[in-house]
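Here come two complexes built around chain A, the first alongside chain B, the second alongside chain C.
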Partner chain A sequence: MNSVNTLAGQGSRAAGALRRFSRSTAAMLLVVVVAGYVALGIASSGAFFEGPSVRVFLQYLATPVLIGLAQMVALCVGQLNLAVGALGGFTACLMGVLMADHGVPAEVAVLVGLLTATAIGLATGVVIVATRINGFIVTLATMTILLGAQYRLTGTRTVDGYSRTLRDLGTSAPLNIPLVFVTALVAAALLAAFMYRTVAGRRLLAAGGNPLAARLSGISTDRQIVVAHTLSGLLVGVAAVTATASLPGVNRSVGGDWLLPSFAAPIIGGVALTGGSVAVFGTVLAAFVTRLIDAARAQFSLDPSWVNLLIGLVVLGTVAGGRLHQTRLEKSPQSPTALPQPGGAQ
Partner chain B sequence: MTTAVGPPDTVTEERTAPRRLPFWVNQRLGLLLLVIALSVLFGVLRPAFLDQRLVLFPLLRDISTLTVVALAQLVALSVGHMNLAVGRMAAFGALFAGLGYDRLGVPMQVGLLLCLAAGAAVGALTGWLIARTGVSSFVVTLAMDFALLGLVSLLYSALTDDAAFTTHPSGIDALRSYSLADICAGPICGSPAVPQIAQFTVLAMLGLGFLYGSTRIGRELLLTGANPAAAELSGIPTGRRIVLAHTLSGLLAALAGFMAAAGTGTFRASIGDDFMLPSFLGAVLGGTLLTGGVVSVLGTLLGTALVGVIRKGLDLLGVGLESLNIYLGCVLLLALSADRIRAVVSYRKVVRST
Partner chain C sequence: MSDTVLLECDDLVKVFPGVRALDGVGLRLTAGTVHALLGENGAGKSTLIKVLTGVHSPDGGRLTWCGRQVQLRSPLEATRTGIGVVHQERNLIPGFSVAENITLQHPPSQRGLIDRQAMTAPALACLAELGVDLDPHQPVRELSVAQQQLVEIAKALHTESRVLLLDEPTASLSPQEAEHLFEVIRRLAGRGACVVFVSHKLEEVFAVCDTVTVLRDGKSVLESAPLADHTHDDIVGLMVGRAHTATELRPRTVDRSAAPTLVLDAVSTAGGHRDIGLEVRPGEIVGLYGLVGAGRSELVKAVLGLDRITGGEVRVHGTPARITSPRQALHEFGIGYVTENRKEEGVFLEQPVVRNITVTVWKRLAKALGFVSARAERDLAQGLVDRLCIRVSGLQQNAGELSGGNQQKVSLAKWLAADTKLLVIDEPTVGVDVRTKRAFHELIWDLAADGLPILLISSDLAEMVTLADRIVVMTDHRVRGEVDNDRDYDRVSGRAIRLIHDRDTVRS
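And then the complex of A and B:
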């Protein structure tokens, strides 16, 4: 009994430290986002603060936020999900083909898409747990399979003759705030509530933070891995719905450039690759930062390659800076010793 | 040519002589048989598959290039790391070779050296960042991939008019299209199926085989991958070994980039775009463990060859491009379930011998 109590005490203390840390990263990101937005607004002599610009900015922010969250859920149990882009693209194409070629109503198609994505996530988790193959390789394989399936669904054409209602919903923006962005925010809020407030969410974190301790406290780590991949699949499904709704059409290139941003958002947001930490707000803000870089690129009409270069440098700077900061903290004697790893360790 | 840091080989030889692992556990033999069987099968179904000049020559050229890519991944995996930026390092190296040919007019060999040096430098930088900050190699190489992806395209659009270097130094066309048939010793000529570009692959394989099989540094790399803490305690400078592994990985990636550029004839930013998946496929199918400490140089060639043969064969059988990826993903999962069995068997062996 005694040992269980100390374990729980340590857990809550570690969680407290974790929250403090995620808050500080989020605070820094918030400053970056606000400063960047103001700077862009000034550089564009105010045009960036006007309705249409805000609307376009937020419209294309929904998908990065959702795929970042999908990756974050996998990372929080210490797994990777390389199939984020392929699964999203496949789901988007599936919904597009169902609506355009088979006349399925939009609601049914969206439901089928969400269920399929969730089911594929579930299957991935089950394969990882059952075969004990490294999750990296399993998701690499599912990525390959899904890319093939997506190509088979659409071929080289672009499917665009689908539901008017869904398209209208995707582009509608009351008060210049697009519905797809609201969807992403609601998903983030629900995920935050799940992670921070429910027992199931805490179990995920426990399994990711210290699998051995989690097992000893009666948590099935295998089940948590399956749950995390299922949830990741569901979030990718939502991302695919927002993409289908806001894009002019779906083809086989949808999802092709999702993989790298999906990792960039949680890593910049302060999620450790080793598992055991989440930063929902941080991930959302990090997606803002990457979107800002993209918007700035468009504003100054620079080569699109600048975006990749800058995002790469930002990720490198974030992880290296976080690690150096922590080393300095460890050296100073009065610092608490139980700080979580900022950038992920070996 | 598998090299593993487990129990010392001599001990295993003595103790397990009576209960040697069954031959089917030997992954390389299985792979070799599979490659031969599939080639024969495809050859019977589609006699065109055995056309030396039109099918086998390009197939072997692709396999040569992708084997080097997979070797670049193997070196990173040997210390328990990953190199997600293989493709981009290849593009970065090729950029310097192209720049040398186009602007400086250097001979082919000097350009190759430039290319290798650039790859090694960017690899060393990656390794240094990983060793210095202690951040996982996945994140650092992923960020490197982003950064190089942007940098290489920017440099190409800044330095060239149509985003490609097309200057051909003398000798590079020969490298692309010559096969062993062009080397004759008296009346006997080589096979027209084997491309001359494969010489780089053979050199890389011999070099790595020697490194991991017979040198102290190679053993230290493997031990660093198998158990970093134990390696550190045994006096191995793990930080320096990590930098070395990533430097070698960058160098091999750049070599692959040069081979790919020589194969297509132009130096473009898109070189290496599709290197990441084959790099893991070849290395892991060949028996290299993702967790580090076990590498197989020969297996990497066989794994890459298997993927190449399946791809080409299905292509000739009229299976569309779209289904190819589905089959490849399934092959990967099946092969790795077998890999898992092997890992369990070898783990039990280690436990028994200690």
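And then the complex of A and C:
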């Protein structure tokens, strides 16, 4: 009897979860991604479904996914990270220069790159907490410093004489699934597990959702800010590794166009700018959407300026749509009253 | 059992720069009782709660827990000791489930991984103890305010709180929800906990509490006494510090033949109001009474252009008016709206008092190129601060630092500064202490006596009877009838309540 009850309970819970999912941003994005891909496939009379096209499509998807996740982690505690692109570019150049100019083995260079990016993220977090300066300003400063450092490392040249093995890994694609894309997916899966399943991840979300309540429950919000920036740095490091591995060479322009997509993916994916929410799946799907726009541009040989215009419009549209939805929820009388704005969540 | 003293304070002192917020407070909390903590705004209740929950450490006096002297250095330490608190603001993580919020302090986990199965059982146990039926897996953001509050109480149970402080728990609840909360409170006391109940509503206090402590000016003027030994008037007298007399206001007559300033003629709105008729004449206070959710504030907001009017006509000074924004309402028609929600809608908390008051009249004060003279601003603000007796340390003080009642006065002052022709006042005295309430009543009365038409929204029937000339009763977004107020509380309140409940007789 008891087990029957539990089963029924689980059933209704699953139904509830399904209902919630069907209304979520991720469900909407999933539809958009599938429909968009099919449309592109038809428009290209099937060429888009073939191995090489899929491979190219996914190859360039790794970076948007990873930088979107890096930004998402910062957003989830109510912070933001303007240095995503600069940190990624700097790390990529650092690894390239270490391998090409100093003969450092690829494994060591990758490890140094990941550690450096993580350490810079950690330092950013510590500075924010220690000085109480707004994260916007601190990461703006970090960004500028790192842009300078990147230029210092490479100057105007392109560093391309580095490890063959790393390059091969970066471009290899068993079953037409590029390894760099698999790396991004694994990072996303690990991050999702961390956010939904671990105590440390829940603390991050608690601190972002209602800092005061978290503090009263014995969670140090300062520590969570540091953890979030560190994790963000690590993810940028991974993005830099995939970029270094799959690009023909690294120079000072690497990372230069990462900032907008890093915000676009989580925002389109349904992450609140005020903190307290993550949407790993949504962010990955949103990166898909932006990549689809890019692929469509190539397919119809449109001017590249259309891509940024479209992504900008999608970001605005998503946020505006979310707002409208919120207002409608608040106005319908039978809906449970929305949370009063948590005062401490600015 | 019932005479176990859980928490005792002795001669507590807490000094802030310039104020002795607590100046010798004693309190004895006994297991199995519901203890009322009363006092006007600024009497030291909030400070006492903060000391008891480890937010502030006292500068003098002793705290003993079950006979042992303790020091509470942080909120966490207070929780571990067994003191739980439910603040006025909701302290939950909106995106987390009910169960996860309840177990937030010590989430069940294995090797750093959250064990969601293991959090369901304790959460359900806590909810069951409260007699609350909630799905533990539901995200908290989908719950109503009342349900969220119950989750917070369950959370306090989970940390094994034996003393539970509830700060103004009924402020945002409907009467039915409040009644349910009282059942929960009695149930907790029955289990041997002590519930400390902080409220401005004396009726509730008398309905639910056993013992009472009254604070005045940082001192406990009545210490842990049985409530049954005191009458309503005794308690009010203790809080105010002088005998409470029924409000006496100078006589005021309304010229019923004067042309109405505001007329609503068969108005319908997008929010669901149908066929609303209403008139407000110069010098008249018209009360809009109804239960929470009857659609009173929504009606006024629609008139001010914040929601769509779908039918009927709004006439201001006799001419039909299409108001599309509060800005237009103020500048073209001179309608001011003192909001119910002063913290979120009424005042700029981070701005000085002077700017809060003059915000409505910058246009008038502005000279060439939009320059606003600081002196003109100051003079105008000072005049109103004096007139309304707003207690401020200076005009440059931030509005956020004022007490609730004074914030409400600032909110009112800005509309007076604008020389409004019609004032809508929404729930003016919710969460305001007795003395400020009286000052407010006198103020509203005098404004009307000087000829200002006032539309007053209040859920406090006593307030209605004191102030209003006519009481328009609303339920379910419709006007159910009107009561002429002859200031006889029993007769008028009886008629108003009957209008709410006997809908059929009204229609016939």
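What we mean here is this: the second predicted complex is superposed on the first by the 314 of 346 C-alpha atoms of A that agree within 3 Å, B and C clash if a C-alpha of one lies under 4 Å from a C-alpha of the other, contacts with A are read in each partner's own complex, and residues count from 1 in each chain.
One rule holds for everything that comes next: a residue touches a chain if its C-beta (ideal position, glycine included) is under 8 Å from a C-beta of that chain, and two chains touch if they have at least 3 such contacts.
Everything quoted here is computed from the prediction, not taken from an experiment.
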Partner chain in contact with A:277 - chain B first, chain C second, else both or neither: second
Which of chain B and chain C A:210 touches, first, second, both or neither: second
Partner chain(s) touched by A:151 [first = chain B, second = chain C, both, neither]: first
Contacts of A:198 with chain B and chain C, given as first, second, both or neither: second
Touched chain A residues, chain B compared with chain C: B
Touched partner set for A:51, first chain B, second chain C, both or neither: neither
Touching partner for A:218 - first (chain B), second (chain C), both, neither: second
Touching both chain C and chain B, counted on chain A across the two superposed complexes: 343
Residue numbers on chain A that touch chain C, as the complex places them: 13, 16, 196-200, 202, 205-206, 209-210, 212-219, 276-277, 331, 333, 336-343
Chain A-touching residues of chain B, taken from the complex the two chains share: 82, 129, 132-136, 138-140, 142-154, 157, 228, 277, 280, 284, 290-291, 320-330, 332-333, 336-337, 339-340
For the chain A and chain B complex, residues of the former touching the latter: 80, 127, 131-134, 136-138, 140-149, 151-152, 155, 260, 263-264, 267, 273-274, 303, 305-313, 315-316, 319-320, 323-324, 343-346
Complex contacts: residues of chain C adjacent to chain A: 75-76, 79, 89-96, 100, 104-105, 107, 109, 112-114, 135, 137-138, 140-145, 147-148, 271-272, 344
